[in-house]
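Two complexes are shown next, each including chain A; its partner changes from chain B in the first to chain C in the second.
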Partner chain A sequence: MSIVTVQLGQCGNQIGFEVFDALFNDSHCPGGLCSKRENEAYQASCKERFFSEEENGVPVARAVLVDMERKVISQTLSKAARSGRWKYGQHSCFCQKQGSGNNWAYGYSVHGPRHKESIMNLIQKEVEKCDSLSGFFIIMSMAGGTGSGLGAFVTQNLQDQYSSALKMNHIIWPYGTGEVIVQNYNSILTLSHLYRSSDALLVHENDAVHKICAKLMNIKQISFCDINQVLAHQLGSVFQPTYSREGSFHYRRNPLGDLMENLVPHPEFKMLGVRNIPQMSENSLAYSTFTWAGLLKHLRQMLISNAKMEEGIDWQVRPPLSGLPPLGKMSVNKETHFNTSIANLVILRGKDVHSADVGHHRALKRVLCAVRMFSPVICQCQSPKFILLKKGKIKTLVLVAKRNPCTSM
Partner chain B sequence: MGRRRRRQPDPADAARALPEAIAALSRTLPAAPSPEIFRRAKFDRPEAAPALWRLLFHVLSPLSADSASVSFTLEAQVRWVKSVLHSQGYPRLALVQLQDDGSQGGRELLLALAWLLARGPLPERLLTQSHVRLGDEMPVCECEALASPGPPAPRVEAEGSVDIRHLQWLMGKLQLRWRNLMAGQQEQCALLGKNPWQRIFCSTRLSWNLSGLQLLLLCGTCPPADLPAPQTQIHSYTRGCHSDRSLGHLSVTETELLRDPEGGRQLLQRLETENARLEAALEWRHRELVFWRWMDTVLDTCPLEASPPTFLPRIPEPGAGAAGLPVRELQALQEELQALQEELRKAVEARRAAWQAAVGGHGPEWRAARRALQVAVAQDLAALQWAWEQGKGQARPHGPRRLVRTEARVPGRLGLWATEATEALRAREACLEAMLHQLQGQCRQELARLVGVRPGLIWVPPPAR
Partner chain C sequence: MEEGVVNEILQGPLRDVFDSKQLITDISGSGNNWAVGHKVFGSLYQEKILEKLRKSAEHCDCLQCFFIIHSMGGGTGSGLGTFLLKVLKDEFPEVYRFVTSIYPSGEDDVITSPYNSILAMKELNEHADCVLPIDNQSLFDIISKIDLMMNSGKLGAAIKPKSLVTSSTGVFKKRQEKPFDAMNNIVANLLLNLTSSARFEGSLNMDLNEIIMNLVPFPQLHYLVSSLTPLYTLADVNIPPRRLDQMFSDAFSKDHQLIRADPKHSLYLACALMVRGNVQISDLRRNIERLKPSLQFVSWNQEGWKTSLCSVPPVGHSHSLLALANNTCVKPTFIDLRERFIRLYKKKAHLHHYLQIEGMEESCFTEAVSSLSALIQEYNQLDATKSMPVEDLPRLNIAM
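Then we have the complex of A and B:
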């Protein structure tokens, strides 16, 4: 099944390019730990999801690029074409000249209705190219005008037109000390609209990713390109083909369906986060060894202490025991920062994945509200770059459904 | 040449006839016990009862329950069998009063089985359900699905209050699973029409974690969807390959049979078991009479029962102390209910007598009204008859049909065009959607009415989808 990506605004388009690049490079990287047949199956599955075939054999990304300025889109198109290995469709982009001026209302009420026909036509053409549609993946930021306003409008229209397709919005939470003055207003307006029309909101915070770049990747001058690459790595780990734990014969067909079913069945809790471990620069990779047990332990603690990366985890945070009073009535002294999440999904990628034991994390079951197991997923091993955890039976790990949206602005 | 001896009826034959008849029955039915169990059941031996409970469970539950990964305990099976038999109108009360742990009542179970066998062609119906299908089939109507009782709804122990958010969670999960299933089915349909030999890895297992769904309070469970191995436009590519000229091409199953020897062997095994069951069914039909004579003797050994006309819920024995209090209350309620039913019966009789008297007294007025009523009813019947005859021209499709791609102009003897079948299905879908909208409207009206009842509350309706 295929996923159609809609890239909105400057942020959305830049991230989108990095995502497709990362996906393509991962599926076509030489070597890896699998047989040729498995490699081919992996490639074919990844290709079917994100790329379509064109006459001269160069895969074309299943994406629609929308922006109110020309500059970013043309940069994105040329970067993709330059690599020669994949590209965007020539007629899959829509741009205007004047921009949105960081104004949510301008994006939502002016640009939206004015250009609704053209944008929805583009999306329809992409959808028709798919044999079967898994859903939409919409990349946008919340601070600007196009991504937030037009993004909310487009999502609403997708809800009306393709009510049976799943929609996941990938939203970028702006820097706390961001450049855009009205980013708070833009964010609130976007979130409130998206909560109604989208199925899941996958949130990435600029601050968190910035810290990852600084501390883990050891990048001195952090540019948006670096941040986008980290983001793309995390997203790729989620969307690349996976097996299920029970039957590792065929790849699972419906990536968005699996995610939604396991994480966002409840209509009120839609916000998701990603935690990825280990995250490091390529240079350090050669000097590190990992075990599944160690990784899982770190990841679990990252989850319950609400840490976004594997450095600086607060190991003091423990899940409250059943003997203690319920969470709402904690005494002032014992201010626990225990992160309550409703559902979690673990994706594991790497060598000896079957030996990874997620069993001893059952302790979390008591605390989280009444969630049972999801279908476990273990990913097939490819490049060791993507190591995520995705499994059922236990809570913790990669994707987390938060209880309270907008906890910090 | 010796003189051909006339065959005397061998007394040993008569003795063997009954076990052979029962053995044929066992081979036909799924999960049936040996003839020895039947014999023990006649004498109400305890070891026979569990096996017969399980037999009844498998006979009464539709096919999907067999392949479900969830296994039901004997107690759950017993309860379900009792409820299904009651809903089908089984008259004997003694069966209902048997213990839930399934340890006794072999004779009653035999009678229940005989009742089921006598009602309709049970072995044939079961065989049709588990028939091995070789063609690509398309279900044309859903009569069978509607007629069979759903698979058992597992008991949910309600411990105190039910968490509404948990329910919402489960509902959402069910809805998403249905959407995924629909998407998978659509993908399968789309791929069936693709170009041949395009390598698309569309095999998947939509694994349905039924233990998760067990907590749902719905009756139906979602059936597993198993998409077969790579599908290409096999119908056009294998033209002329089939030995049966009227079909002309291979189906997906048959192609897989040729490509994959292991799968072929399994298919062969399944066909062989089905053949064995069919032969057993034939044998059973020949030897039925012996079985029924034996069942007469079983019935004779049962004590007569004076069954009350109503079915009252079974109250467990009252215990001592606080635990027994609700039970005693239930007993009291039961007695009250019986008394009320007596009163009601008397009142109904009195009313009926009064009405009869009134009717007789009215005279010509009433008779005219009655005549008008009869005329109206006759007209309605005539209209229905006419409508039926009009519709009889279009053959109403039933049951699954094999998909055959053909160049012929006219469908064969039993065939119909896929377009007609899809038209019929679309009409049915439109009907059902209209019904759904109507029911939703009713629900909304009810909600609106409830909203008006309590002015202090603020109701936030769910977002319109």
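Then we have the complex of A and C:
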């Protein structure tokens, strides 16, 4: 089943490009760990979800690009075309000239109604190209004007027009110390509207991704391109095909359905976060080795201590001995705030994935698996510090966890 | 309202850039008299101006804002210029009006400039969306500093040729340098950097309407202090990060501002940083973290930064930074202006030239000065809250 991506605003379009690039590169990279038949099945599954076929064989991304000014969309289109390996549809973009001025009201009340017809027509054309629609993936930022305001408007319209399709909004939480002065207004307005019309909100915080780039990827001069590539890597780990119960060559068909089924048990709790392990630069990867047990342990600790990356985890946090403490009794150690989740989903990718034992980790319940490795993204890095002793197997572990509503704000 | 300057432009190297049909000139000028500019020429040329404006606007697919460039001390710029503001507001209410005003400095060549400025300020208060005040003294100081650097021999040889902010790089025809050209070049660079993110690509774009949206918290307080770096580039092309950091520090030093003011010791309401060139988000964030403790922000907007990154650097430089701040440090400039006005007005000196014009009365003057006083009072109130948290506005209480 296919996912139609709607990219809104400068942020949405820049991230969307990196996501499609990462997805394409992953499905077409020479996979040494699996058989040819496996590879082809994987490629076909990924292609069905995110790309459609064109006459001359170049895959076209299933995406609609919307922005209120030209520059970003033309840049995105040309970057995709330049790669020569995939591209965006020529007519699947909508842009205006005046911009939204970081004004949520402009995006929602002025641009929305004014251009509703054109935008919904474009989305409909993309939907018609799909054999079966899994849902929509809407990428937007919360601080700006177009992404936030127009994004809220489009999501609402999608709910009206395609009430049986699932909608996942990917929202970018702005930096704490301001990129835009009115970002707090825009964010609150967006969240309140999205909560009513969206099915799930996948949140990425600029601060957290920035720290990952700085500490784990060792990039000296972090640009938005680097941040977007880390984001795309995490999203790719979530959305690439996973095995179905039938066996190795069959992949699960409904990615959004799987995510929603496992992670959104109640419509009131829909904010999701992603934790990915291991996350490191390409050079460091060659000198590291991993085991499933080690990765799972780290991931679980990241989850319960509310850490966003595998460095600086607080190992003091432990689950309380006999379930949750009774109400009214304060816990002895106030600092160890045990992060409780409403639902979790673990996605394992890599070699010997069936040997990974998730059973004894109470926090990690539901598991999806795949063998195909998801290659890490190429980025700047420093020279490695230690010499490898044996060849490592590359594994990627992804945990998509529901945020505890109190700690997510 | 006189032909000399416009004719010079038409004969200069830029004659092809300007449409000769879009010019309006008169013969005798306004005589440094705001009333002549505003009332006489205003009513005389209103229709003609409107017609030419409409023609220009029709050529645009999407009109976003008007730039008005004028001086406050003269007659035409100040009088007719502010008359135009009102016309634009009525005719194109949704289009933003950006005004670049040259304020009179201490040694001024026009004696009636206080009158002209105060009368113009009232119009700016009411009809402009955003004002960038600039004064000649600061521009002159910047030029002297550059000359000093060039001639002192210490860094003179190391400065990349044609990289001064005052040199007209990129000009395809050489022309004779006139005395104000260097100073005007600085203002031109300011406007270039302001619009660069709208004209060129970048990883974090900023349009002109975003400037107003983010930097003007209340409609009255729309005066922005601008500062531009770098003023020159050293010939060494490798820019270590220290140099970048130096650029950010410079932007907040008094030497690089286009108006005499002291923002570091006053209250910031909002601040915007427009960076051009190969600067990335991490450099920007690092410098914001570094500079924040030394600046005082208003209580309801402690993280009040708006940032933009444009990939295309200006001609001759590898990167540049424009900082726009909405800061209460413009208050002394206005207080100074008001002092000079009152000194003249108390003696009613030169007043008869204004009152001669039909439509001008003494009440115009008193209204103008009270409008300025109200503005100064607003800034005072904000300054008073410098170290204290502001009380919330009273809200409706729901009875339990």
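Rule of thumb we're sticking to: the second predicted complex is superposed on the first by the 346 of 409 C-alpha atoms of A that agree within 3 Å, B and C clash if a C-alpha of one lies under 4 Å from a C-alpha of the other, contacts with A are read in each partner's own complex, and residues count from 1 in each chain.
The rule is short, and it goes like this: a contact is a pair of C-beta atoms (placed from the backbone, for glycine too) under 8 Å apart; a residue touches a chain by one contact, two chains touch by 3 or more.
Values in this document were obtained by computation on a predicted structure and should not be read as measured data.
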Exercise. Is A:Arg196 contacted by the first partner chain B, the second partner chain C, both or neither?
Worked result: first
For this session: Could you say whether A:Gln96 touches chain B, chain C, both of them, or neither, answering first, second, both or neither?
Result: second
Problem set entry | Contacts of A:Ser45 with chain B and chain C, given as first, second, both or neither | first
Exercise. When the two structures are overlaid on chain A, which partner does A:Gly236 contact: first (chain B), second (chain C), both, or neither?
Worked result: neither
Problem set entry | Touched partner set for A:Gly149, first chain B, second chain C, both or neither | neither
For this session: Mind working out whether A:Ser132 is in touch with chain B, chain C, both or neither, as first, second, both or neither?
Result: first
Exercise. Can you list the residues of chain A that touch chain B in one structure and chain C in the other?
Worked result: none
Exercise. Tell me, which parts of chain A touch chain B in their complex?
Worked result: 1, 41, 44-45, 48, 131-134, 163-164, 166, 196, 244, 246-247, 249-254, 257-258, 260-261, 264-268, 369-373, 375
Seminar exercise, completed: Seen from chain B, its contact residues with chain A in the complex are 163, 165-166, 168-173, 175-177, 179-180, 182-184, 186-187, 190-191, 194, 199-205, 207, 209, 212, 215, 462-463, 465
Problem set entry | Sites on chain C touched by chain A in the complex | 61-62, 64, 200-201, 203-205, 207, 209-210, 212-215, 241, 270, 280-283, 285, 288-289, 292, 301, 303-307, 309
For this session: Name, in rising order, each residue of chain A that touches chain C in their complex.
Result: 10, 14, 69, 71-72, 75, 96-99, 101-103, 145, 175-182, 210, 213-214, 219, 221-225, 227
